[in-house]
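Okay, so subunit A shows up in both of these, paired with subunit B first and subunit C after.
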Partner chain A sequence: MSDCDALVIGGGVSGLTAAAYLARAGLRVIVAEARNKLGGACESMSFGEGFHAPLTQTLYALDPRVVKDLKLNLKFAVRDMALTGLRADGKHIVLSRDGAARSIAVHSQADAKAWKRFRRELFSLARDMRALWWDEGTFSVSRERLEPFRRLSAAAWLDGWFESDALKATLAFDATENGLSPFEPGSALALLWRASQEMCGLQGAVAALAGGPPSLVQALLEAAKVDIRTGANVSRILLANGAVAGVELASGETIAASIVISSASRRRTLNELLPTGAIGFARADSMDRANPKTGTAKVALALSALPMFAGVPSTARFILAERLESYAAAYSAARAGRLPDELIMEAVTPTAADSSLAPIGQHLLIASVRPVPLAMNDEMKAQLTAKVIAAFARHVPGMHVVASEVLTPAEISSRYGAQDLKMNVAQMLANWDERLRTPISSLMLCGESAISGRAGRIAAAMAIRDKT
Partner chain B sequence: MSLRATPFHARVAAANRGNDWLTRNGVTLARAYDDAHEEALAARFRCVLVDISWRWRVMLEGPHVMEFLGRLLTRDVSQLAPGQALKALWLADGGGMRGAGAIARYGKESFLLVSTAPDFDWIARAASRFDVGMREISEGGLALIGPHAGAILQAAGIDFTLEPLSLRKTFWRGLDVTLSRFGEQGGYEIWRDADDGLVVWDRLMRTGAPFGLQPAGITATDILDLEAGIARPIRDYAPARDGNAKTPTPKSLGLEILIDASHETFNGRAACLAAQETKTLVGLEIDCETPAPFTPLLHNGQIAGHTLTSLYSPALRRAIALAQIEISASQPGTQLVLTLSPCAETPAFRNITARVTDLPFVSAPISQP
Partner chain C sequence: MLRYDVGVIGAGADGLAAAATLAGAGLKTIVIERSTVAGGRAQTREFHPGFRASPFADEVAAVPREIHWALDLTRRGAIFAPMPSLAMWPDRHHILQPSRETEARCAGVLARVNAVAASPPPRFGFLRTASYTPWPAEDWAQASLTDVLGEGDEAAHRIAATLAGRTADPYLAGSALHLLAESNSGVVLGGLARLASALTNAAREAGAEFSLGLEASDIQSHMHRVTGIGLADGTEISARAIISTVDLKRTFLSLFPWSALPPPVVKRAGLWRMGGGTARVLLALEKAPDAPRSAIHVAPDAKVFAEAHAAWRAGTIPTAPPATLRLISAADPSLAPIGSATLTVTLGAIPFRLFDGAWTHEKRDVLRALALAAAESVFPGVSASVLAAEVIAPPDIEEALGATEGDLMGGEIASDQMLGLRPGPRTEMAGLYLGGPSSAAGPLGACAAGVAAARAVLADFRRLK
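Let's turn to the complex of A and B:
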């Protein structure tokens, strides 16, 4: 029986951030990571000869306060990756911070005119959203402006602004976070949420770390001087008198702790780790129903040369989605367990700015394809790779693929422990108490809100405040 | 399409002189065979035979059944020996009452739940989380209620020594039957496969004839229920059906005694214990013979609550009612006023006085099934 003040389940960014804050408050902290390696979604997959493809290629929500408080020493390879729609007809849309209107005008003059107003409106709404997501209780916000967005889909909102399908399809990708469809009510909130984040001091920016996300994990490890146990798979959370008492590992070992912070998904924490029925039957049922049916697959291509697209910077993030309707078709196919005819994906070439990820002279192209079915057989995986290669080969004549690797959503969660988090529209406008607290006292969640560390910071602060 | 009848339907139909029917839990039942008030009195002085096949009965079994029931029910069943039973409630997450029933230990890993209102989806869904199997049991059930019940069973050749709130499987002249005593006081229930229902009915009626045994319908048993002061789901209150419902609270139905606060795991516990309830269940003696169901009650000119089921009690010779009333006006003896709607006898609204009384109304040694 080992003892500690607080136990953190999962050694990813959220878990390590929570652990660092708990340790700063003077608590004895143990981090229990099921795998033998830390990082979770921030790991790299190695394939081919000397290629390291980060599972998460872009960073868009890292909490600046975490960076400041923990004095994380981070080096960015790219600070602001321009959202770019790669079009079949070659009229690519580059939505860079200043040149967007010119690029949009190729498709529609009206949209180019509306763009500035759209950005102002988006960022103004995002400021309201930001108050709900940044800190707890520091702003008193009126949610009135955001309330209508609960029922609004991203597709409908974009339809109201623009006429060009090319532009709408490109913008809609950011609303497809974690199994959400841009046609789902409330998905417009996902767009606002993305816009409310900031990276490197730029609102709504998407950045890439030098060395990939593993360097973030490394920085957090240096900041968090805590007891880290790898290979410690938490199989149960133990309760006593309705409050959390510790955890039991798959090995049978128990660790007593008066605070448990879990970076596993809400569903896994409450329905699988807690004793059956402990959170209430109705709540358990509603959580089961919220299970996502689709996910994101990763396809990494090792290339002999950096792929270049006409008029597009190599450090951009490329969206492949021809029309807004492509999303609807893709979701219905993925939900039915089929690979969509037209794949929707976001791709980056991280080696354009960071040569450490591939052997000298060679390059990586990593595509996040979604939606796809959660599990795929080998034939579907081969098909997926072939389709991704074909989608880029049409723009890059003579593209030579040295090696490739594909991971299905099911493989990502089983191999890297990354969770089936579904973007919960109902929680977008909730307060942090609703997002992080559970019906069990002293059991907190910190796996919410993507790789930001923010949930870890706030969960730790709440747990510390509860105890004192 | 055929009638949804009980295994005793052929005999019930023959005995139902007024051809007076109703359905409960989707089953066709005799409302009254002849005179409901007479049937209710017969249960007090002789004995009546009641078809209770409409009761919802489910068998719950599996290695984790104890853990499951610890989560489901408001009282701890782990100390029950096989054959013993207790009454308990089950609640929604928000503390609202979903159901009430008797839970009996059948075997090492099997329990029988009996209730007057079904709640299949909720219990089946929860049971599946514990890999607990659940199946509905459709046996024919007959209740013997009245002072002669034991004597009739003895004359029929059934060993009737059985503690209240217990059950026993027994062999009765070639038939395997289950004998139980889940009723509030006295009374016996006999359960048998549907195919042999008529044999059981005939045997009991024949043996019971010298004791004045007669069949009694649902109205008579409702009167006995009411006299015993028991609020029933659907008849008296709408049970919670939303998983997060906060109402009806057990306290508002006088059922808080079925909640064991020291039992730590049951669903809805925190919400139930924290709930602030201003009303409670009382009995009401109405100063007339006309029942006043679901009628507002005035206390010092202010509405202080309302009646639930109200019926004429042949034992008390006046109308009585269950009522939900503000705790401040719930002292026995408190005078209340209610307004009766016009009827053929008195074609005008009239104000009637009523008094709060302790429950049960009648504590005579009768049983209700």
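Let's turn to the complex of A and C:
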């Protein structure tokens, strides 16, 4: 029996951030990571000969306070990846910070004119929402501005602004996290959420770290001088008198702790790790029903040359989605267990700016394809790879694929315990208390909006405040 | 110039009920209808010698009981015969047992929403700017049909019954709002025209006047206050108040010069999404198949609805559109000769605008084939007995009823277009009231929106005095 003040379940970015803050407050902290490696979904998978594909290629929501407080030493390979849409007709759309209007004008003059106003409104609304999303505090967005977004879908909102399919379909991709369809209320809010984030001091920017996401884990490890146990799979959370008392590992070992912060998902933490019925059966049941029915698959392609798309910078992120309606078709197909006819995906070529991820002269293309069915058999995986290759080969004559690797949503969540609650408006507008606290005192969650580190910081702050 | 207190545009169930209410309260009221007969979608005609059907719908949403009594509709001949619901899979069928819990929940929510819709808070959220007071059933705006009804056969059947002739992705948040727009009340004996004639009689007896056969071509206004209605032949009718029972796009975008409206209204009306997706195929059958008196939903499955809806969005005719069969002559023998039968097939998720061009004969034939396939799957061998088949595609509904994009619900049923975000009965134009399907009570029940608008007119007139 080993003792500590606080135990953190999961050694991903959120867990390590929480641990670092707890340690800063003078607590003795243990991080229990089930796998033998730290970093969770920031890990790189190796495939082919000498290729390392990071599972999360981009960072768009790293909490600036975490970087400052923990003095993280981060080097960015790209600070502001432009959002671009690869079009079947070759008229690619590049939404860079300064030159977007010119690129939009190819598709629609009216949209090019509306773009500036749209960005201004998006960014200003998003800044207003920071009070809710960035820190604990009173929330003061005027009801008049926020109210429509409770009910608005991204598709309806974008339809109100723009006419060109290219622009709308490209923008809508960021509204589709965690099984949300751009035709659902709340998806417009998801766009605001993305726009409210900040990377490298730029609002709504998407950045890539030199060395890939593992370098963020490395930086966090240096900042968090805590006791880290890998291969420590937490199987139960122990309770005493309704409060948390510690955890039991799969090995049978128990660790006593008066604070437990879990970076596993809310459902896994509350429904699987806690004793049955600890949070009430009704709540457990409602969480079981709210799971997303589609997911994101990752396809990594090892290429012998850097793929170039006409007029598009290589350090951009490429969205493939022809029309808004393509999303509707893709969701219904994925839900019925089939691969959509037209795959919707975001792709990046991380080796364009950071050559350390592949052997010299060779390159990586990593696509996040969503929505796809949660589980796929080998045949479907092969089909998925073929379709992804075809989608890019159309623009890159003579593209040569050296090796490829696919991870299905089911594989990703079995390895890394991914998000398993479908996003909705209520969750997006919940305050941090609702998001991180559980019905059990001193048991906090920090797995939501995992990549930000923000949840880890705030969960740690809450737990410390509760104890003193 | 003809002078009236109130002009009602459209003589559908809403317009007729509004006119009866207003005239009954002593106001000089005129109903303007472009067709030569009153009734709107509540009409019945002979589509093949001896075979009759109501072309646009078999069932109507329930007339709220209180309106039914106030207008004395039963005595005037509107008698409803319930149509039970049956779901058919290739290997079996399933009869919808009213699940008390869901039924009571839906009825309770509907009653509360109806109450709010009848006297809405003074400012509504239509323009997306005004402060919005939450309505009952607000949680359904964030819930999907599968969230509320669950999954499995029973749920699939209920979803099919809810969406019959409409389209939605039952997995998407907001689709639960379709539950509010359901509440079918059964067929009217003698066809829906009997409901129209009962309402017309109620309006006439109360003293309302009718102008049939001439379309209202514009609404005149001055300084954001309406003053009168212009008819297609140039006649002008002055009215202190106007109730429009046509949908909101048509009301604002084609009856007004845009410069007469506040710009936000034009913008919002332009962005208003229609969700029409109904096609109907009327079949005259020589030999009556042995079938129960039910609405039969063919192969219901939430996934089928989701895929059909995606096809609808993309502007393609779904390969397997949800179909509802009604052997209406079994419920009402007056609709077909003895020994024969009238079968209607209602197809959902049929797009108004096809991605590859206009609604040609070939595409109508596709609908006919889909309908026959659905009928064949329930009544094997029925195709051989078909004497005549009439196809009614979404553009036909638009043309016949003036419902934009053939949408009888007055706008897509979505979270940002339901409950308090539907306009009406009062609008940004003083003296203009919306009493049609686009207004808050529109999708909830027949006549409800018209009567709500009429009551708003009466209340405002009283206040002015």
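What we mean here is this: the second predicted complex is superposed on the first by the 453 of 468 C-alpha atoms of A that agree within 3 Å, B and C clash if a C-alpha of one lies under 4 Å from a C-alpha of the other, contacts with A are read in each partner's own complex, and residues count from 1 in each chain.
Following the convention adopted for this analysis, contacts are C-beta pairs under 8 Å (C-beta built on N, C-alpha and C of every residue); 3 or more make two chains touch, one makes a residue touch a chain.
Please read all numbers here as calculations on a predicted model, not as lab measurements.
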item	value
Partners on subunit A (subunit B, subunit C) - clash or fit	fit
Subunit B versus subunit C as contact partner of A:241, first or second or both or neither	first
Partner chain(s) touched by A:181 [first = subunit B, second = subunit C, both, neither]	second
Which of subunit B and subunit C A:328 touches, first, second, both or neither	second
Arrangement angle, subunit B at one end, subunit C at the other, subunit A at the vertex (C-alpha, nearest 10°)	60
Contacts of A:148 with subunit B and subunit C, given as first, second, both or neither	second
Partner chain(s) touched by A:281 [first = subunit B, second = subunit C, both, neither]	first
Partner with the higher number of touched subunit A residues, subunit C or subunit B	C
CA minimum distance (subunit B, subunit C), superposed complexes, angstrom	10
Complex contact set, residues of subunit A against subunit B	241-242, 276-278, 280-286, 439
Complex interface listing, subunit C residues touching subunit A	125, 128-132, 141-142, 147, 169, 171-174, 271, 273, 303, 306-307, 309-311, 313-315, 414-416, 421
Footprint of subunit A on subunit B - complex, ascending	67-68, 71-72, 92-94, 122, 125-126, 129-130, 242-244, 264-265, 267-268, 270
Complex contacts: residues of subunit A adjacent to subunit C	143-144, 147-148, 150-153, 156, 159-160, 181, 183-186, 289-290, 293, 323, 325-326, 328-329, 331-333, 335-336, 424-426
